[in-house]
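These are the structures, in structure tokens.
There are two complexes below, and they share subunit A, which is joined by subunit B in the first and by subunit C in the second.
After this line comes the complex of A and B, so read on.
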């Protein structure tokens, strides 16, 4: 899976879960001020990413520090690559 | 095609007047002091009441706490009764029984108090973190086993929710997460719908109108109102492909019913 495919899967999964418009989902979009998510959405965010990529997310503190869509892209790509290396 | 949002946008909620009328002033001057006094009295006597109830009935502490909270809600209804007319409908349908998950739209701080309109007292609320910061309520909420869905992770929510279902209780969510400032239904969070699918229990949509007139967000003074709580038929999660489809279906049902309820109300 390429980085671009990962990004596309993240965006479509989040758009469906949070009723977002894909056009608004630019990399620099802030989850809270631009896309209207809030702290209550972080639980769903973790579940959506776990479901979309088939891994468990235990980095609660890292997830709490996520602010932009790009932060999510980077987090998932790094995690996926790290899991692939250890596999 | 009409979406839940556009359905409700057709008849926006009228903005409350900037200056309270005489009835609102009287209501505010009567209700707040009585509510504070009753709350203070409740805090003083509830430990004794709790112990006696426990000894007499042998019920678990959480069950008694939930009953006490329901009684407190009923007391609030009695306090505001001279100014607020309450009505409930649809709650005698045969499918409305535990275990199940209630979802209700959110318009006002007093929406939680209005849940005493339900003919059930064993209801576990799923709420955000801030209500737990009201120290005079927090002890009861913790004792009652309320879910702090903002702090808990998904596994903790599952465990706590399963406990409620296993003891044949109700969970209650405000799926919008916030009070609506426009009267329109906001985006729904997924928690209630994920749990309904996980546990295989029905979702019971509850539609509430009138509390946005009583006390909308951002206002302190109260206004006389007619409050109605209407239950829709329980929705079985089984036929839905995923929680998102269930969530959208329930939201559309509620939007349609809220529109009908608002149109039924005299101007």
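After this line comes the complex of A and C, so read on.
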């Protein structure tokens, strides 16, 4: 899976599960101020990403630091790459 | 009439939430679908005996202990008469394969000593286990007034993982797992902190209430009436109404509308989704609430005979066909799982048991539809119920070969659905298990909070704590904790 494919899968999953408009989902979009998510949505964000990529997310601290869509992209790509390395 | 808060559901969580808010001078309405509040906890009377369907015994009821302190705070403690169970054996565990019996004595130190005496080589494991229970209880919000945040259950080890780390003794594991019955989640699934929160208080003291669960429900009702809470029984909620994107009221099934500024919903999370217009919650949240796993359901047998087994007057039995029975709460067959038996006291003489009640956990979605389209009992259901009754009788005879009933009645998972207004007829509602994220008190809808067994923890204590967690979001946790502290 290329980085671009990962990014696309993240964006389409989030668009569907959080009823977001793909047009607004630029990399630099802030989840809270631009896309209207709140801290409660972070729980579901983790569950959606786990479902989309089939891994468990236990990095609570990193998740709490997430602000932009790009932060999510980078987090998932890094995690996927590190899982591939250890596989 | 404009209420400050409307509470949906008159179970223990809803009753607690209504009292916490009303005692602060807020105008509160409570809506309960059943004819009375706390149906399951009230139980029923038959042939001069009281059968407690929801409340059997509780930990933490000794003066100054956790549940007593909540009752003091809620103004219901004076109306309750806790009766200590048998100090030498409040619970008796009996296993058939291998043949083994363990009696739980009251108090943490007596329990520690008896465990040491029974498992002399496992002293280190026993002490470590009890210490881990203490620590987890001390970190659980409102179980300890210092703890602020609910534990990250998704990250916790399971009870089974903790036991496997401490001991390889299967019988000791069985003794320390038997109280999974009190939350309905198998050792391999239950987050250890949640197991600790449920069993910790029982390891300290075990009481029943004179007058049973009904006395608890009556105490709540009395205090609600005194504080001027308007209770609407026999009416369900059809919709949560919104105005300017926040809660503005409830529409009841009878057509009545209650205006309110806020709402605490204690019903099953799945039922909540039907009350809130679709765009309010995101698809991800709706999907999560929809897919929450249920605790097992159960079959019940109520009976009376010439000689109920001795020990039922002030203690309970947990009966296991095999050492693995605790892991088999969700079987679709009654045979492999554990069985719980408690006394049914005679109403006239108070505590003396004249009968018994036994609970056989079973997986949910066990039976086909109970009724046909015309409302009459389905013939296949009646047949299946008869088969289950026979299995229950056979299983009781395995443990008590002398057992003889003059009279008995049975209830199935369907009964739990109808009578407890629970969509799946589960014993403790939604499961708390590792890998599942249950909803929290806060929701994204301004003016709506959730409470009930699904949010914090199961059982009477779990329901009460869930109400404190929801009300703490409204009035401030710090304030609530300080007030509770004054009730020591």
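Quick note on the criterion: the second predicted complex is superposed on the first by the 87 of 87 C-alpha atoms of A that agree within 3 Å, B and C clash if a C-alpha of one lies under 4 Å from a C-alpha of the other, contacts with A are read in each partner's own complex, and residues count from 1 in each chain.
In this section, a contact is a pair of C-beta atoms (placed from the backbone, for glycine too) under 8 Å apart; a residue touches a chain by one contact, two chains touch by 3 or more.
Remember, it's a predicted structure, so these values are computed and weren't measured experimentally.
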First (subunit B), second (subunit C), both or neither touched by A:86: neither
Which of subunit B and subunit C A:18 touches, first, second, both or neither: both
Touched partner set for A:4, first subunit B, second subunit C, both or neither: neither
Touched partner set for A:43, first subunit B, second subunit C, both or neither: both
Shared contact residues on subunit A - subunit B and subunit C: 16-19, 38, 40-41, 43-44, 47, 60
Residues of subunit A defined as touching subunit B within the complex: 16-19, 36, 38-41, 43-44, 46-47, 60
Complex contact set, residues of subunit B against subunit A: 128, 149-150, 152-154, 157, 177, 187, 189-191, 194, 244
Footprint of subunit C on subunit A - complex, ascending: 16-19, 38, 40-41, 43-45, 47-48, 58, 60
Touching residues on subunit C, where the partner in the complex is subunit A: 152, 155, 279, 282-285, 287-288, 437, 440, 442-444
